[in-house]
């Protein structure tokens, strides 16, 4: 029987793909997932801050501290 | 005498079933429970964000950080 | 001399009995206590969400993340 | 020279005596201190919720999660 | 060369002296510092709750949970 | 195959470069990243506090506690 | 090659110098940095509470709990 999957496996599958990261302060960042760790600290490339579905700022590389994140999903 | 059950056993029983996950920011996500860990980080498949009992957004796969979760229950 | 009791002993005595669980967000859940762990994660069966002393929703099995809980008491 | 006392010693001295427990959400519980642990999780017996110095609810046994507590003092 | 001092040394020097303890919820307690631990849990004796520089309540012995404290200083 | 990169590698690449650090309280600090640790505590040099895109204060060296940080990105 | 510096090194360099400590509750304390630890608990001497750039209170020695601190910088 296969080992049951773990939540970080889903992040691993999303590596190098564009994901949406939503924060506790309601900010939304969209970018290519470059790395993450067990604290769910995350680095995005080609990142944009979105407000009301529109790009508000282009940010390039962005480090997001894990404890501010609520959800991560593919774009 | 059987070992008393633990809370994560209940999540294990819900694996591959649809669950409702409620967050501290009052967001509600419904989807198929694919994985979880001891921090109660959770991954849902075919996930939807619900508002007032209506589907607001379809999200596909979603990683939810455990420390934002209040309750998880079968749909 | 008997070992002094510990807080989780009180939860153990409540196992399979109906308890009231109050959360930091003021939600109240009432149900049969099936399991708990050292983080005070809790699973209730036949759970109901109460608002103003009335049953608002019936939830069946419910997993409650410990860090959202303020108090637990027998119904 | 005697060992300097530690904060939990004060709770130990209050065991089986009536104490007032105040929470971060401003709720106040008064009851007989039955047990506590290093997280300052606490169990009271014959507990009452007080509002404006009046008894609002009688609760019997109550488990209070330590991280919601601000202060504990003898009644 | 002497060992550099550590923050808890300052609390140790204040043992048995009157200190002011300010909490995140803006409550202020003044009393004789009897004990503290590495979590900065604190026990005061002859404690008073102060509001606007006036004594609001006399509390005797009081246990204050460390994670609610912002500052401690001699009276 | 190369080891997958980790989030702190991105901070390491930004060492001695100017970065923008945003805090949970919405303050924004811009400065040269001199050091960081696993808690994401950060030290900036030639730091400025920005408000509405304008420099509000010049601060020189600044230590920022990691748990107040939401994101870090190159200027 | 020299070991890269760490954030606490910057605090060490500020020992016995006057620093500004800003808290999550927007209070500002200015004083001579006497000690700190890995939790960023801090002790200041000759400390003053500042409001709107003015000295509001003189506090002498003050212990500040690390988890309430946002930034520390030389005066």
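Each chain gets a letter, A, B, C, D, E, F and G, in the order it is written, and its residues are counted from 1.
In this text, a contact is a pair of C-beta atoms (placed from the backbone, for glycine too) under 8 Å apart; a residue touches a chain by one contact, two chains touch by 3 or more.
Because the structure is a prediction, the values reported are computed rather than measured.
Using the contact threshold fixed earlier, the set of chains in contact with both subunit B and subunit C is empty. Shared contact partners of subunit B and subunit G, listed by label: none present. Subunit B and subunit F have CA centres that are 33 Å apart.
Rounded to whole angstrom units, the spacing between the C-alpha centres of subunit C and subunit G is 42.
Residues of subunit G in contact with at least two other chains: 67. The assembly's chains link up in one ring whose order, counted from subunit A toward subunit F, is A, F, G, E, D, C, B. Every residue of subunit G that touches subunit E in the complex is listed here, in rising order: 15, 23, 25, 27, 29, 34-37, 41-43, 47, 59-65, 67-68. Taken in their complex, subunit E has these residues touching subunit G: 4-11, 14, 24, 26, 40, 66-67, 69-74.
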